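There are two complexes below, and they share subunit A, which is joined by subunit B in the first and by subunit C in the second.
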Partner chain A sequence: MENEKILDVKNLKTSFFTEEGEVKAVDDVSFSVYSGKTLGIVGESGCGKSVASLSIMRLIPTPPGKIKSSEIIYKGKNLLTLSSREMRSIRGNEISMIFQEPMTSLNPVFTIGNQIEETIRLHQHLSRNSTKDKAIEMLKLVGIPAPEKRIKDYPHQLSGGMRQRVMMAMALSCNPQILIADEPTTALDVTIQAQILDLLKNLQKKVGMALILITHDLGIIAETADTVVVMYAGKVVEHAQVKEIFANPKHPYTRGLLNSIPTLNKDPTGKIKKKRLETIPGIVPSLLNLPQGCRFQDRCPYTIDACKQKEPELSEIASQPEGLHLIRCVRDI
Partner chain B sequence: MWTYLVRKMISTIPIILGVALIIFVLFNMIGGDPTYQMLGKHANPKLIAELRHEYGFDKPKYLQFVNYLKQIVTFDYGRSYATKQKISSMIFNGVEPTLSVAVPAFIITTLMAITMGLIVAYFRGTWIDRIVVIFCVIGMSVPSLAYILFGQYFLAYKVGLFPISGYESVLPNRIEFVLMPILIWFSVSLGYDVRFFRTAILEETNQDYVRTARAKGLSETKVLFKHILKNSMVPIVTNVVIEIPLLILGSFLLESFFGIPGLGSITIDAVHNSDFPVIKAMATIVSILYIFGNVATDIIYVFMDPRVSLK
Partner chain C sequence: MQEALLTIKNLVKTFPIKGGILSKEIASVKAVSDVSLEIARGETLGLVGESGCGKSTLGKLILRLIEPTQGQIFFNGQDITHIKPEELRKLRRNMQIIFQDPYASLNPRMIVEDILMEPLQIHGLGKNKTEKRNRVFKLLDLVGLRRESISRYPHEFSGGQRQRICIARALAVEPDFIVCDEPVSALDVSIQAQIINLMQDLQKELSLTYLFIAHDLKVVEHISNRVAVMYLGKIVELTTSEKVYADPKHPYTKALLSAIPIPDPTYKKERVILRGDVPSPINPPSGCYFHPRCPIAKDNCSKDSPILRELTTPSNSHIASCHYA
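Coming up: the complex of A and B.
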C-alpha cells in the first residue's frame, strides 16, 4: 500500500478563455502522488496551483475554463475520459477536497450534520442511523467536542477553525484515497493553523491516504510534505524531495522564496540580529503577456542572454542524493 | 416568536403615524379646498361655508388630523363626494372583483417564474438561457396597454375567445371575464419575474458552498435544487411576499379597461372625479398593508435562513 503510485498527472494544461485571450493557467504540469505520502505544491497567488488541483477534481468551471490536454491517471483510469456520472462517484468518495475558505465553503442554510451525512449517503449505502453515527464519528475524529450536539448546528454557529474541521470530516467521511487540501490554513490564525496541520498529518497516518497540500507557506511544506513541486506562472520550475528543496534549492525562484522567509537569528551576545527581509523584486508576469524565454527572467538575479532566447526544459540535475530533482533553468547556480 | 411578533407590530405604529401624517398633509393642507371644486366656479360663499362645515374643514387642522386617525382605526372613511356611498362599503365591494383577477394571476405568474428561473439557471450560458432571456426582455418592454389593446381587438373582437370587457359577480360566469386580464397580467409580469429569479439563483451558483457540493460528488440537479435553491429563496420570497399586500390594489389599467368593478377601478374613478376621501382612504389602506407586508417578510426570513433569529 505504502509508496504505491496512486495518481499520475501527465502534462496537464488548463486554460481559461477570456475576452483578452487564452490564459494558460496551468501549462504542462506533471507530478505523481504516492499513497500515504504528501505532495506539496508551492507558489505565489495566481501561479496555477489551485487550478491544477481543481483540474484533478474536474471542477474547473467550463466555460470559460477548459482542460486542454492531459492524462490524469488514477488507479489505471484516466479521470479526464470518465463520464460525469463516473467522475461523481469518485469525487468526495475516493478523491476529496478541502478549500481555502472555511467561512464560506459550507452551505449556510443546512446543518453541518445534514451536510456530512449527505456525502455519506451519496457514496456509502448505510442505514439512516448508521449514517448519523458515522457523521458523529467523523466529527469526533476531527476533534470537535460534543459532536452529538454539534451535528445540529448551522455553520454560522462555528468558528473558522471548527468549520475547517467540519470540511475535513466531510472530506474524509468516505475514506478517500487522496485528499486535496487547497490552502487549508490560509484563512485561519496561527494557533489554529498548527492544530489543523497536526490533525491533517495524524489523520493521514491513520487513514493512509495520499495528501496533495497546496500552499504558499514554505513553513507548512517543511513540516508536512514529502515531495515538493514549485510552480511559477503556470509551470513547474522545481520538483524534488522536501529535504533536497530546503538543503539544496537550485532554481532561483525557489531560492528567492526561501530567502523571503523572515528569520530571527541571534548574534553571539544574545541580541536578535535585525536583518532586512529579502524579497523577490517585481511581480508575476501576466499570463496573457508572457516574455519570450524563461518566465522568471525579469525577476531573476541570474538572468543571462540565453534565458531570453528559449524557455528552458524541466530537466533532471546531476547530483541527487534524495531522489529525483528536476529544475527548469539553464543556469547552474 | 410571539413576543417578537408583538414587538414588531408595535414598531409599525410610529411608521403608520408617519405615513398618516404625510397623507394628511398632502390631502388636507397641500391639496386645496375641495368645496370650491364641488360647487363650481361661481359658488355662493354661504353655500361654501355650509359645505365646509359639513365636511369639517372649518375645524382646526389638528382636530382634522385626529379625526383622520379615528377613521383609520375604525375603518370608517366617511362618504364619497362623487357617489355619496359609504367608502368602507365601496372598498368591501371592490375587494372581491380585484382579488379574483389579482390572486390567480399572481399565483400563476410566481410559480411559472420560479420554475422558469430554475430551468434557465440550470441551462445558464446555453442557447436555451439566451432565448428565454431575450423573450423576457421583449415581454417586459411591451407596455401593458399594448397587450390590452391587442387582447381586446384580436383575441376578443376578431377571434372571439373572450368577452371584450365586463364583469359578472356570479362565479361560473365570472371566469370568462377575468381570463383575459389574468393572461395579460401574466404576460406583463412574467419577464420581469423570470429575470429577477434567474439573477437571484445565478448569484448563488458562484458561491463557495456550491463548489463544495460539487466536490462531494453531488449531481448538478441536486446541487441546484437542494443547495442553491434554498439559499436563493431569501431574495425570491422577499420579492414575492412584498407584492402580496399590493395585490388588493389590483391593476388600475386592467380593471378600468376591462370594466372590472374592483379597487383599481374605484381608485381611478376617484382620481377622475377628484374624490379626495376615496383616494385618501385607498392611499392609507395600501400604505398600511405594505407595512404589514414588510413585517411578514421579516418573519418569513426566520424559516428561510437559520442565521436570522427572532430576538
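Coming up: the complex of A and C.
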C-alpha cells in the first residue's frame, strides 16, 4: 500500500473572476501524492497554496471562483467531473482536510462530540452507540485526556492545541486515504506545534494515509515532508525531494526563502554566527498585474534579458541522484 | 554592564475576574508576577514565551498603558510608576510601541501623512506645516517607503509596508526606547527578514533601545543581546542570547528550543516534547509553575517555589529559576 500513487493533480488552473479582471490564483500546477508519504507545499501568502488544496476538495466558491481546466485523478476517477453527491461521499470520508484556524473551524454551539459524530454518521452507517464509541476512540487517538468527559465540551472550553486535536479527530474519523493539512500549526505555540506535528507523523505511520501539508515554515517542511513543491504567484517554481531541495536549492526564490530564515546555527568552535539576514527585495507581484516573462524577475538577483521575454517552463534538471528535480528558471545557477 | 535606561522592580499585575449578578470580584489572574529587569541603553532585550505568559502585558506595563498593581518602573533614573497623566504624555515622547498587527493598528481613514503628522502635532515638533512635512518625508526615507506614499491610505499597502508605517510612526517623536510587541509575526518570511534588518539598521543609526517581544525564538535570538524567557507571568531564565541558545539552564527554555523545527532534513535531534498545555494562570500549580509539564521534575518541585538565582559569575550574566538548573 505504501508508495502507491493515490492522487494525481494535472495542470490545475483555478481563477477568480473579479471586477478588476481574472485572478489566476493557481496557474498550471501539477503534483502527485503517494500513500504513506507527505507532500509539502510551501510559499508566501497569496501564492495559491490554499486555493490548490481547496480545488482538490472542490470547495472553491463558484462564482467568483472557477477551476478552469485540470484533471484531478483519485483512484482512477476524475474528481472534477463527479456529481456533487458523489463528491460529498468522498469529501470528509476518503479525502479530508484540517484548517489553520481551529477557533473558527469548529461550530461554537455544538459539543465537540456532536461535531465528530456528525462526520461519522454522514459517511459510516453505524448505530447511535457505536457512533459515540467511535468518536471517543478518535479523541483518544489524537491524545485528548479523559475523552468520555471531553466529548460533552464545547469548543470554547478547550485550548487552541486541544481544538486542533479535535479537528484532527474529525478529519481522521472516517480513515481518510488523503489528509490535507492547511497550515495546521500556524495558530499554535511552538511547544504545542511540536506535539501536533509529532502526532500527525505517528498517525500517518499508523493508518498509512497520504498527507498534503501546506505551510510557510520551511522548518516544518524539513521535518515532515518527503517531497516539496515551492509555489510563487500561482506557479510551481521548484519541485523535488526534501533532501534535495534543502541541499541543492536551484530556484533563486527557494534560495531566497532559505536564506531569509534566522537560524540557530553554531559554527564548529561552538560560537554562534550572527550574520545579517539575506532578504528577497520587493514584494510578491499582484496577480492582476503580472510582469511579462518570469514572475519572479523583479525580485531576482539573477535576472537577465531572457527572463523578461518568456515565462520559463517547469523543466527537469538532468541526472540528479535524489530523483526528479524540476525548476522553473532559465538560468543555471 | 552599561547604564540602565529602564529598570523595573518586582512588577505585579493582577486582573480581576468578575462574576455573579453584582459583578463581584470572584478571582484574579496574575498576568505578571514579581518581574524585575534592567534594560541597558542601546541594547535589545528579547522577551519570549508562549501565548498567555504575560509578555505583552509586561510591555504595556512598562509604557504605563496599563497600571501596575505593585512594583516600580524607572525610566532614565526617574520613577514613572505613579507620575501624572500630563507628565506621562511628555514621557511618551521617549518611549513608543510597535504592535503585532499592522492591519489593526493603523486608522483606515487616515492617509499616511496624517498618521505620521499626528505624533508631531501632539508633541509640538516642527514649527510649521512645511517643517513637519519635511520630517514626514525623512521618516519615509528612513523606513524605506517612497515619498509618494504620503497621500495613500493604509489599505493600499502590503503587510510589510504597513509595518514600516508603524515603525515610522513610532520613530516620529525620536524616542529612546521602543517596545516591539511581536512586530514580525504577522509577516511572511521574506518580508520578516526585511523588517528585522530595517529595525537593526535603525537601532544603529538612531541608538535605540528595544524590548523585543516575540514567540519565535529564532527571531529573538537573532535580534537580541539578551533574552528573557517567561512562563506564566514569571521570568524563568535571563541571559545573553548566545548563552540561552548554547547553554540553556531551565528545562522550559530547553523544551522551547528543541520544539523549533530546524530547516535541515538531515538534522536529527532529540526533541523534548512537553506534555499538556500551559496551565491556567487563574489557578497556577503549586511550587514551581512548570512542574506538571517538566521532564525533570522531582518531589520538591511541587512544593517549593524556586527563586531566580545566579548560576554563573560575573553577576547578572545568567539567571534561572529551577532547583535543578
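Keep this in mind: the second predicted complex is superposed on the first by the 325 of 333 C-alpha atoms of A that agree within 3 Å, B and C clash if a C-alpha of one lies under 4 Å from a C-alpha of the other, contacts with A are read in each partner's own complex, and residues count from 1 in each chain.
Note that in this section contacts are C-beta pairs under 8 Å (C-beta built on N, C-alpha and C of every residue); 3 or more make two chains touch, one makes a residue touch a chain.
The model shown is predicted, which means the values in this text are computed figures rather than measured ones.
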Overlay done on subunit A, so just call it for subunit B and subunit C: clash or fit. fit
Report for A:8: first if it touches subunit B alone, second if subunit C alone, otherwise both or neither. neither
Quick check for you: in the superposed arrangement, does A:93 touch first (subunit B), second (subunit C), both or neither? first
Would you sort A:197 into first (subunit B), second (subunit C), both or neither based on which partner it touches? second
Between subunit B and subunit C, whom does A:298 touch in the aligned arrangement: first, second, both, or neither? neither
Inter-centroid angle subunit B-subunit A-subunit C after superposition on A [Cα, multiple of 10°]: 70
Return first, second, both or neither, reflecting whether A:161 touches subunit B, subunit C, both chains, or no partner chain. second
Which partner reaches more residues of subunit A (counting touched residues only), subunit B or subunit C: C
Contact-wise, after the overlay, does A:243 reach subunit B, subunit C, both or neither (first, second, both, neither)? second
Aligned on chain A, what is the least Cα gap between subunit B and subunit C? Give it in whole Å. 5
List of subunit C residues in touch with subunit A within their complex: 50-51, 158-161, 188-194, 196-197, 200, 215-219, 221-222, 241-242, 245-246, 255-267, 271, 273-274, 277-278
Spell out the residues on subunit A that touch subunit B in their complex, using ranges where they run on. 57, 59, 63, 88-93, 96-97, 99, 101, 104-110, 118-119, 122-123, 154, 156, 167, 170-171
Can you list the subunit B residues touching subunit A in their complex? 125, 207-209, 211-219, 227, 230-231, 304-307
List the residues on subunit A that touch subunit C in their complex, please. 44-45, 159-162, 189-195, 197-198, 216-223, 242-243, 246-247, 256-258, 260-264, 266, 270-272, 274, 276-281, 283
